[in-house]
Structure formats: C-alpha cells, structure tokens
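Chains: A, B, C and D, in written order; residue numbering restarts at 1 for each.
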Amino acid sequence: MKKDIDFSIKRLGKAIHLSPLENINFVDDNGKIIYDVDYNNIVANHKNISLEKMITLEEAGPRERLYFNPEKVVAGIVTCGGLCPGLNNVIRSIFMQIHYQYKVKNIIGFRYGYRGIYQNSHPGPMMLTENDVEHIHNRGGSILGSSRGSSDPVEIVDGLEYYGINILFTIGGDGTIKGSIAIEEEIARRDLAISVVNVPKTIDNDIPFTSKSFGFQTAFSEAVESIRCAHNEAKGAPNGIGIVKVMGRDSGFIAAHTTLAQKDVNFLLVPEIDFDLEGPDGLLVKLEKRLERSHHALIVVAEGAGQKYFENVDEKQDLSGNILLNDIGVYLKGKIKSYFAEKKIEVNIKYIDPSYIIRSVPANPEDSVYCGILAEHAVHAAMSGRTRIIIGNWNARFVHLPMDVIQYGRKKIDPKGALWQSVLLSTGQPTLK
Amino acid sequence: MKKDIDFSIKRLGKAIHLSPLENINFVDDNGKIIYDVDYNNIVANHKNISLEKMITLEEAGPRERLYFNPEKVVAGIVTCGGLCPGLNNVIRSIFMQIHYQYKVKNIIGFRYGYRGIYQNSHPGPMMLTENDVEHIHNRGGSILGSSRGSSDPVEIVDGLEYYGINILFTIGGDGTIKGSIAIEEEIARRDLAISVVNVPKTIDNDIPFTSKSFGFQTAFSEAVESIRCAHNEAKGAPNGIGIVKVMGRDSGFIAAHTTLAQKDVNFLLVPEIDFDLEGPDGLLVKLEKRLERSHHALIVVAEGAGQKYFENVDEKQDLSGNILLNDIGVYLKGKIKSYFAEKKIEVNIKYIDPSYIIRSVPANPEDSVYCGILAEHAVHAAMSGRTRIIIGNWNARFVHLPMDVIQYGRKKIDPKGALWQSVLLSTGQPTLK
Amino acid sequence: MKKDIDFSIKRLGKAIHLSPLENINFVDDNGKIIYDVDYNNIVANHKNISLEKMITLEEAGPRERLYFNPEKVVAGIVTCGGLCPGLNNVIRSIFMQIHYQYKVKNIIGFRYGYRGIYQNSHPGPMMLTENDVEHIHNRGGSILGSSRGSSDPVEIVDGLEYYGINILFTIGGDGTIKGSIAIEEEIARRDLAISVVNVPKTIDNDIPFTSKSFGFQTAFSEAVESIRCAHNEAKGAPNGIGIVKVMGRDSGFIAAHTTLAQKDVNFLLVPEIDFDLEGPDGLLVKLEKRLERSHHALIVVAEGAGQKYFENVDEKQDLSGNILLNDIGVYLKGKIKSYFAEKKIEVNIKYIDPSYIIRSVPANPEDSVYCGILAEHAVHAAMSGRTRIIIGNWNARFVHLPMDVIQYGRKKIDPKGALWQSVLLSTGQPTLK
Amino acid sequence: MKKDIDFSIKRLGKAIHLSPLENINFVDDNGKIIYDVDYNNIVANHKNISLEKMITLEEAGPRERLYFNPEKVVAGIVTCGGLCPGLNNVIRSIFMQIHYQYKVKNIIGFRYGYRGIYQNSHPGPMMLTENDVEHIHNRGGSILGSSRGSSDPVEIVDGLEYYGINILFTIGGDGTIKGSIAIEEEIARRDLAISVVNVPKTIDNDIPFTSKSFGFQTAFSEAVESIRCAHNEAKGAPNGIGIVKVMGRDSGFIAAHTTLAQKDVNFLLVPEIDFDLEGPDGLLVKLEKRLERSHHALIVVAEGAGQKYFENVDEKQDLSGNILLNDIGVYLKGKIKSYFAEKKIEVNIKYIDPSYIIRSVPANPEDSVYCGILAEHAVHAAMSGRTRIIIGNWNARFVHLPMDVIQYGRKKIDPKGALWQSVLLSTGQPTLK
C-alpha cells in the first residue's frame, strides 16, 4: 500500500546561505505536492484520516536558502549503467546550472561510472570546463563514459574525500541508486557533509512515482523506425513475419508507446501481460490465422516478456545486478519457425533487435528540454542540502523522492488501464491465453 | 481568480446504454481530479472552505453507461483553422476508436472546416472508411482539409440535421471552440440530442488548463532545425546575426522550448516579457556588445513579441478572428540593419521564418501517441453524452473541460517561473529594459 | 579481358511504330558510348586495332521508332530477391512512364517474385492503377512483395502467355537476372515477341559495368547511423569495442562508403582485402594497441569479409542461389572476446547488425531521382524492342547492357585504387597481415 | 564550340620530390580523360581531325613526383561566398590528407573569406589542428566563416607571402574562382611558387564541365522537405496553392531534382525554360484549370526563373558580383493572388522560401564522401605543382580543369534533354507559352 511509503526527505543540515539566484520565484522550502489527485479518494480518506496525513511529495525547485556555500562547493558527476539518450544533456545542464547560476567553480567528471571515483582510477577524472560540455547535447552516449559493476562504497567515499567533493550527482537507474544509497550510508557513517543526488535514468520508464524518465521518449521514437522497417519486411515477403525486440526488462512501456505511435503492430508482448504460445488461443495459432487473412504479421516483444518459457532460468546477473534475461526474441523466432515448418506453411521471418541503435542516439528535442529541467532541479536540491534523493515528476510537477522508493518495485503497465486498452485497440490482438 | 471558474460539464441526458467495451476499467462517471495539487494551499483553503468546494475537473475516460446507442450513432469530424502536426492522427484515432470499439458504422468527414458541414458545400463530405485513414498518421496536414472563416451556426446545425449527425468532433483552437459553442447553443435551441466535443488544437500550446496540446512538441522539435541552421549562418559570416521567427501569438512556448532544446540562442523575445530595442539596456546595444565579444549572435522571436512597436496597430483580423499581427521578425531585421548601418558596423543578417515548414510536418512519435489518447477520450466523452466540452490534460490526467474556459484567456509563460528561468540560464540574456 | 566481352544488344525485331513521345530529343537508335575514356589507352589501342573495334556500350534513351504498338502492349512488373530501398520508386516510375508517356493501359504487378507469374499463383497479380502507386515512393519495401527461390521458366512463360504480357520488367539482382535469362531463352524457344528488361537491384553496388545501383546510396547513408551509435557505445564503456556488420557479400562498397561518410571507423574489413586475426600484425594485436592508446575502437565488417576463417564452409545456398555466408560479425565478436579474456583485459563489446533496418527504408531523395531515371530507360528500351538487357550507368551515361554481363563477376573494390586509399586515410588502419 | 576550349593545365615547375604516399597506384602524370564519350562523334571527328586532337581533360589523382617538398609546405585554406553543405567536410579532408598523407605540418585556416588573408585581418587566421577539425563534418556552415565581397589580389598575395603560404586552397564558386584567377596572376607577376587550387562550390550545380558539385545533393534533398510541407499546406485549404522558391540563379537543377525526388509538384519554373503568366496558355489560366480539377496545386520556382517580368531590372550586384535577382517567388505570389481576387475565386496561397535552411545543414552521407574525394584530389594536384585549377568530375572521373573554364558560362538544363523530359512527365505540366 502506498500509504505506508515514507516520502520524507533527508537534509544535511540547516540552510543558512542566501541563494545567488536572482529574479526568481523561490519555492517554499516546505512545499509539497499531494500524491493522489482523485477527489473522491480524498473525500473518502478524509473521513478516516486527517488532512495532515495526506500522502505528499516534496516539491522540487530553487530554495532561497542554501545549505552549501556556493563559493566553496566542489561538485562531482558520474554516469553509470547502460547508455541512454540524454546523458550528455544532463551532464551539460548540471554543469551550466551549478556553474553559471550558483557560481560553483570546480566541477569534476568521473570516468566510466562509480569506479572512476576511486582514487587511482584510470583514466582519472576530468575537471570539466564549458568547452568540454558546450556541444555535447547534440551527441549520443556519455562523454564521461559509463560502466556496470559492483563498487565499493568505502573506496568511493575515500575518493570523494580525496577529491574534496561536496555534492555527488549520480546519473543512473536502479543499480546506480542502490549504489548511491550505499555511498550515502557510508558518508553518514563518517559524518561527512556530502550530498548525493540522483537523476534517475531508466530507458524503460519504470522508476516508481515518476511519470516519465529522460531518454524514454527518444527511445520509443527511435524504435518506431525499426517497427516501420519490420513492417516493410513483413509485407515484402510471402507470409512475412516481422519480429522486433525492444527494451523493457520488467515494464513494456517502450513497446507499448512504439505500438501506439506507429500502429502497424499486430501482436504486442510485454512482461506485465501473460501470454501462451501453444493452445488454441496461443500466439502461434492466432498468428497462423492472421497470416491466412493478411499474408503478413508484425510482432513486437519487450525483452522481459515471456520469461516463463525458460524453464531453467538460472539467475545469472549482469554486473549491475540485473538478472540476465533469456532472449525471448530469439526464442520466439525459433518457435514460430518450427511451428510453421511442421505445418509445412512457408513463412519468412525477419528478426530485428535494435537495442544499441536506440539507446545511443542523441536526445530528441523534447528529451533535451526535459533533461535540462531535471538537471536544474538536481542542482537546486543538492545546494539546499537535500541528500539521498532522486528527482521525480508526479502530477506534472517536479518532486524530490527519497532514493528508498526503489524498494517499492518498478512502475508497470496496468493490464486494465487506459494504456493497455489503447494498445489492444491499435493491435486488435486477442487475449492470447 | 480560478476559484470562480465553473468547471461543471454539460450532459445531453441520462446514460442508459451499456458500453460495448470489454476487459476495461471504466472510469467512475463522477470521477474528478482536483485542480490544485499544492498541499499547503489545500490545507490553507480547507480552513475556510469545505472540502466539498475544492475546485475539481471531471476525469476523462470510458464510461460503463452511454447516452447514445452506438448502433445508431452517426458521427462527424471536422478540422478547422491552420494546420498543426497531428490532425490526421486525431482523425484516424477518432475513427478507429468509435468504429472498432464502439461499433459505430457511419463516420462522416466534413471537408475544409465548418463550411463543409453546410448542406450544399463543395466538395461534399466523405463517408470515411478504414482504407481512407489507415496510413494517414504518417502524413502532415489534414486529409479533410481545413479553413478559417466565420460560419453560420444555423446553417451548420441545418447540415448536422441533414446528415443525421449525433456527435460532432471539432478539431481546432480558440476560434473553432467559439464556433463550437455557437453550434452547441443552436443545437440546444432546437432541443436536439447532438453532442459537440472538441479536441483542442493550438500549436502555441496556450489552451488554458491544459498542460500540453497536440502538435506542440512536434512543432518546437522542428523549429530546432531552423535554430541550428540560423546558428550556422550566424557563425558563417562576419558579425553574422541569425533571426528566427517562430509561432506564438500570445505565448512564447514554442520559442522557449526550442531555445531550451538547442541552447544556441543568445536572445529570446516572447510576447509575455516586455523588451526595449533602444536605450543602453535595449536589444540593439546588447546585441552590439555580443557581436564585439563573439562576432555572431542568434535571436529567436515569437511572432507575438514586441507588438508595442507598431504604433498604428490596426486591429485587422484574419478569418478566424485572430488579430493580424505585424511582422516583428521583418521589423527587427530592419531595425538591426539600420542601427548597424548608422554605426558603420558590418553585419550579416540572415532571417528565417519557418512557420509553414513547422506546422505541416507529420506528428512525431510522442505526439502521435498523445493524439491517439486525446481522440479516444473525445470518443468516450461523446458516447457518454457529454457536450460542449474540450479534452484537456491536467495534473498528468486527462479531463473534460467546458468549452467556456477559453474565455479565461490563454496559458502564458510566467516571467518569474521555472521555464523562463531556464531560458535565461540558457541564453545568458540580460533584462533588455 | 574486357575486350572479349560482347556488349551487343538483342532486339525482338524491327522498330516500325512511331513513338508517341513529344517535344523530345530522341536518342540515335545506334547511339554508343565508348567503354574506356582513358585517352592514352585509346591512342595505344588505336595503333593496333581499328577505331571501329573500340569497345562500346549501347546508349539508353527514348527511340523515335518503337517495336511495340503502345496501344496493344500489356506490361508486367515483378520484384525479386531481398528488399532494397527504391523498389517502390522503380515500380512507380515504370508505371508512370509507360502509362502516361506511352499510353499503355494494362500494367500488371506480379506478387512475391517470379512465382507470382505462375498461372495459379496466390495471391494473384494486381492490375495496377495510378491510385495504387501514387504515394508509394515514400515507403520502403515493395508493394508487390518479393521472394527468393528457384522458378521454372516454363511455368513463367506459360504465365506470361496466359496474361498476354508483351513486356516483362524484372527488378532484381544476380539471381533475378539469371532467372530473366532463362525466361528470355524460353521465350525465344517459343518464338514469342516478349521483351524482358531488368532494372538491376544490388544494394551492394556490385553489378559489373554499372557505376551505381539504386538503393546503394540510401543503404550506406542509413548505415552511417549505426556507425554513429556504435561509436557512442564504444566510447561509453571502458575499452568499448563497437562492431558493425553491414551488407556486402562480395564487395565492400557499403562498408567503405559508410566509413568515408562518417570517419569514426578504426578498422574496416571487406571481402576484397585479406586480413589476419592472429599474429603480430593481425587485427587482435592491433586492436589491443588501439585500446591502449584510445580506450575504445570501432570496427566495421562487410558480411562477406574473412570467410577464410570458416574452415568447413559448407556451400549452402539460399533460395536465390547465394552461398550462405558464415556470420563474420558474430565470429569476430567471439574471437575478440576470448582474446581479451585470455589476456585478462576488460573489454566491452557492442555488436550491431543493422541489415534489415538498412534495406527496408524508403529511398532517399537522390535514390528516388535515380530510380526514376532507370525506370524510364527500362521503359524506353522495352518499347523499342530491346530484350535480355539490364539498364546500366557507365561514364555518367545510361546504357543498355546484355544480361550476360553478369557472368563476368561482380564489381569490387580495387585494393590499390583511390577508394581504398581514402579508406586507409580515414581509418588509419595498418595492413593487418 | 567546345572544341575551342583550352583545357591545358598550368604547372609551377618540374615535379622532382618523391611522393611520401605508400601502397598506392599513382596516376600517370600525363593521364587524360576524353571529353566526349559518344562513339559516333568520335568516328565522325576522326575523319577530319587526328586522334591527337581529341579534346581531353587532365586526370586527377596522386602523382609519384611532387613539385613541393612536403616537409616545407605551408598550406592555407579559405572559404568564400554563401554557405553550402559540405564546406566543413572539404576543410577537414584537405587538412587530413595533406597532414597525414603528405606530412605537411603547417595548415592555416583564413577567416571569413579572402579578406581573412590580408595581413591585418581581424580575427586573424587559425593554425589548424586535428582537434579543430575532428568533428566538423557533422556540422553545417564553415568553421572558418565566409564572406562575399571584392578583394584586392595585391593585399592577398602580400598576405600569402607574409604567412609563407605555398599552397592556397580556395573553396568557393564563380566569384571565388574569378578572385583565385586574379590572385594567381598576381602570384605569377611576382614570380612566386604558390599554387592556387579551387574546390568548386556551387549549390546550384552549375559549374561547367563538372557533373556534380558538392552540397548540391544535400541541398535538393533538404528542399524535398519543403515540397512535402507545401504540398500538405496546399491540400489542407480550399484551393490551396503552395509556392516554394528554391535556389538556382541561372540553372534549375535543384528545382528539377527536388521535383523528381518528391513528385508532388504540378508546375516547375526554371531559368532555362521561358514561360508566360498571362494568356490562354500561361501559368495563371493553367493554374485555374488545375484548381478546378484538383482543388489544390503546388508550384516550385527556381530563384532565377521569370526574370523577364522585372522590366526595370537594375543591374544591382551583391558583393560577390552576382546580379541581385528580383524575387520571383514574391512576385508570383502577388500575381496569383490578384488574378484570383479579380475572378473572385477563393485561393489560399502558402509561400515558402527555405533557402537558408537548405544551405546551412550538414552534408548528407553521399556529399560527405564526395567532399572528401574532391579535397583529396585538390591536395594531390597542389602538391604536384598544378595551379590555377579547379577539381572537376567528368565522365564519372575526377579531373583538373583550368579555372578559365568559368568564362564558358554555367551548366544548364537542356530543354530537350532527358532531365527536363522527366520533369514534364512528373509534373504533367503544359508548355506555359
């Protein structure tokens, strides 16, 4: 239940320094956004609980008083995990905001993820200048580089102390946030005044309590191109079957949005909605019927879908702690091939896995704007002394979320909700059970 | 004050027919979203007013009971005003939703705006089929065509009766909504059971109480290309000055978002923020200083900016009733030219007005998804018997707004708000007053 | 030796009908282009052979006299083999040219390749109309569909007779041309007056005596996007290695042009230039040195490169008769992985195979123009009674080539020529032997 | 007559230094390409003139012997005139080729055109490094900047001497080449050993004896987007008329290629083909008929078309010496507007002038490759001691042309040739006379 979640935000201490920002409406330092905007819920709850106990999220934005003295701040930036469109935009905007608005002079870029904070990392960190970041919003990837892999919070905090860091901006997803929590706990253990603020990165758009994560939109927009190509391939051959595997480990948002954007998809398979391959209502039979009718078909599958088909799912993990998924795309292709081979029906399967092409493009203009705003809020939050937080977006407002929210799992598609309804309308697909 | 606004929604009558939609979470027919999510406001207000008087917006979504019997519905679609990315997507999605989900058989497309509803319009309306709309989401423009111009509600309602229309979907902005109100009033006068539902179209993103209008995102994303070109032109000549005029009659959202997306802009002029040309803090002097420093400059101006410079603003209107603006882009170009000519400083001015190129492209993938959802909500609302409404988006939820909200003016950039702050950070521009 | 090649062109008979084309400069029916433009060669040869024996190619273009009476012509179009950008453009332009310029009324589109010409093929052929082809130049794929696979010339010519075809346009590559030769021979055996004209399709750009094949340019332009992404991936991880496999069975033109267009590639492997993996000058050692120096590397490999590494190359063929290649991309990835694993050097390999995404996009504007011109020349040639020809481009002129030229093998990169020199300059790669 | 043209190439002196290029097929220092590939012409001419008198063009390519000692060369690069896609690519490739292949250490980039060579120019020249040019092929514009305007050859050669330049690469069109001739003549007067080599820049593709100029392809490909938008605008309004003005002062190649690439154009107006506005066969009447039939029309006009309509054409020139054209686009718009106003026929005219957006984009992949090859040949030519030349492309081979060829006028569309025939087929337009 959401009502048990503690959304309170940790602060390093009292904010005593006057903000150097001018001509601005500062946000109330105790500003809060209510979590649930459903009026009937509010009225119902209000009978039982006092208004004071409504669930609220702390509003993001510039504060009039800062915890840190900007003149003395040394900030660090690190990007972790896989690539995602917008990493460079976030780096650039953090730099610009903290440097030009807060007049912070020293901003260090750590290379290749958390390990780059270690004292003897190779290559060593970059002292960032405007020249380094000026044009990077037009490029994909991360100028700092990134990496997966476990990291030792003790070594990292040693590094933070060594480099004199006051604020560490971490840009990364689930695994990165877990790492940031460990770092923050080591900082607390040593009683250091270092803020750790995360700009959440999840191309899958599955961060809880956050409507939209940066890069997601660019990602599904890119995926649309693969859909278009797979559709052309499917229509270009007798009984052509296009299969496109897109990202989405636990949540099918990229798959669903791509489907809604391009409308050519006939079957969408996502982790949230179970489906069968065999049986009279399973995908294979339905696919056969579709081919009879239309001579081609287009299937989009999120990488986390259909994992039930891997009996011996050995719980291998990648270096970020993600369970290594079995390849549902390749599996599907094989099953479809043998099903029709057995039936002696000619099919022409074209399988496309565009993952690397999707995640390494530059942010599109909308994501570019969004990354900039997330970065600005991260800077405001850090300067005010917030720590152990991620920058979220809820009810169309930017908020501070405690990093601990990630324990509540990932955001998922609601099988009875509007998004999935729209998908069913677009694909016309049956239940597949 | 917002508290005086009446957000109540008109219904044609009791919803008695069971919805044909299956496997769906219907929305509570009285579901409401609270208008203001600021917790401190809520607590403060609650001391004075009862919870029951909170300002709320009716939630959009599929209803279990319909006013109209789907089997008997004849629906009409009309697009009015200037082109905007996404028109075809909205047409397509209305068709698909009402035809495949609600099983409505007859859907009529009126040609070239309201006048196409007149009984003897030429060319006459199209009886839409799936074949007509299947691929149109990949094309810009409107397959129905559009037009500006006054229209006679009497003739239109004559036409609606003639064609047996039960639901009229109007896709258009301010002028179109005014027209829809007049039509709805004529319908009410005749005591007809015809629903009029609007999907608001404003490339400027200035519909009140609506976070984002369709096409806006595609528009500013396209404008980014012109910014990039103008920047190259500015840097490519001695004291090169790029000037790009973008859309934005009353609100500078396209201009601001483009600026934040591409970051090359040095001066941004919008209708909401006054600026001077002359004087020591005016644009001309500041521009001269910029050229001395950097040898090139890039100016973006929203078409509605600086209208104070046209002394004899004759209140000419276009056929949609919009005041015909004087061309601030051409004016600026002239003033800058003569200023530097007088000072005998060589400048090379490159002026770009990309309006038609921006508004006639296909919707990008994000807008494509968004158009689809707006259209679905329009269909749900109409089938439930709502009328005189527009589909809005508030607090990240889709809502019904009474058409009457347009009297509260347009959404604008807050000069003290976060968006403008981000612009100032990106451009580094001074106050220009 | 080229001098032995017979470039003479077969004609069905005397051209007696007056062309309906107006306001046009007809081409001399015996117009010829000289094969070799090197002046020193010409002078040298002239000492030995008479001018009359220079190697020449027949010029393409509209003829004043036609073999076929346009009013009675029934034309057929068929697309064969894998997809290639521009198929729809060629179909459209053949239709437009033969229909609007030559006034031919009946144009039949056969579905899914040669087999679609069989009398009882399913789905049956389409009688093409302007409505079918009007917008198809904006779409990838082929509206007719395509297929690989052997086809029986007897059944095909039965089909041609059944449908009353006078002219068959075949759009396809090596295998298709072999099929067209067989069809033409069967036609000749039956003494029928049916012209067979091929618009050569080879995304690899390897048709002999043809400077540029349609779709090639779009293909390598698309491949550039994958190069960019792979570069970002390589730079985004510690010792990141990007590997991109592009099309190019026998010829590395796509790989080479992509490399020259984007300039980020460090190692280019093509079928024409042998390379070693092992040894002090092999790729693996050179790659290790590159990583030491730059911490990332980008490798592009044409699919036909390094086939020597597959000892048991079983000569499996696909249905078009192409030898099924072993996957050099996957092989390379494995070898690199194990090489560095053995040396305990961390590397992060990102492998991209964009083939389907490259070949199924719409033709870019240049290819669109080029397809149109090829198609026009195909129509002119067929109407004049030429048969057993392909439309080629030599010395910047369009020419007729006998289909038999394909026996002279494929066009290849010259390891000592300018193209490969430019590649070496761009990559800076050593000899790898 | 072409036979009178002197294509002989000037050399600074004997080439005595061994080229440092390795593993390369050097071009025969006296290699020549024949001008005319038409076999029948050759045979006919051979009866009258000796083979030795055939018109030939000197072949471009690397020479085994160089005039300059690479170790001592100082090279300069200058870009002049308006922007064109590919300028940065040419700059980058000249740098890379001369620096990495020929080991030239000092390469100077002059700023803002010829005036940047003057001794006291401000800003002064840049000493180029790899860092300066590494990424510039992905950007439009010119990193050196450009300018129009007369320049004093004496001051320029003073500057060349001052900076110790041995080779000057000029990148620019007609005006630039005239300037280069003047510079070369001043060099000759002073008896200096400075080579002047031009890479011809003409977005209009009108350099004589050169099949394709760099940037042309990118330009017409970009123009296609404007055509698409104008088409959507035209179809989106009652009697919508889209007018797009594209570049093309004397030659309509951009207009024609764009028309052939996109196929939506109904009337194409170019400088080479006269047309009338008035009269029963003039554009206005034909346009009216088109609107009656189809309710919309799309007109593309090259900027140099219809100049006869400006009676008082005052021969104003821009700073490059180009005659300032009257704006045919604006003129057409006005004439069409008043024609239909008089006839009381509603029309909706949308006028698009995308020039700056077209010329300032980055080179597309094909142009990127082409720019690289042109630049390499410029470097080879210069190092071999050629001077007063431009790099051309004829019969699909790269050649040296004397700068003096520009006196033979511009390349133009042949009204009876294949290109214009294809245009007529695509537009279906009548003669308009």
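Simple rule for what comes next: a residue touches a chain if its C-beta (ideal position, glycine included) is under 8 Å from a C-beta of that chain, and two chains touch if they have at least 3 such contacts.
For clarity, every value in this text was computed on a predicted model and none was experimentally measured.
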Duplicate of the A-C contact set - from B-D, A-B or C-D, the pair where over half of the pairs recur: B-D
Gap in Å, rounded to a whole number, between the CA centres of chain C and chain B: 47
Distance between chain centroids, defined by C-alpha means - chain B, chain D (Å): 42
Whole-Å gap between the CA centroids of chain A and chain B: 29
Of all residues in chain B, the ones touching two or more other chains: none
All touching chain pairs, where touch follows the definition stated at the start: A-B, A-C, B-D, C-D
Residues on chain D engaged by chain B in the complex (per definition of touch): 83, 112, 123, 139-142, 145-147, 225-226, 228-233, 235-238, 240, 295, 348, 350-352, 354, 356-357, 360-361
Contact set on chain C toward chain D in their complex: 21, 23-25, 28, 30-34, 37-40, 42-43, 46, 51-52, 54, 56, 59, 61-62, 92, 96-97, 100-101, 137, 211, 217, 220-221, 224, 257-258, 260-263, 364-366, 368-369, 372-373, 376, 394-397, 414, 416-418, 421-422, 424-426, 428, 431
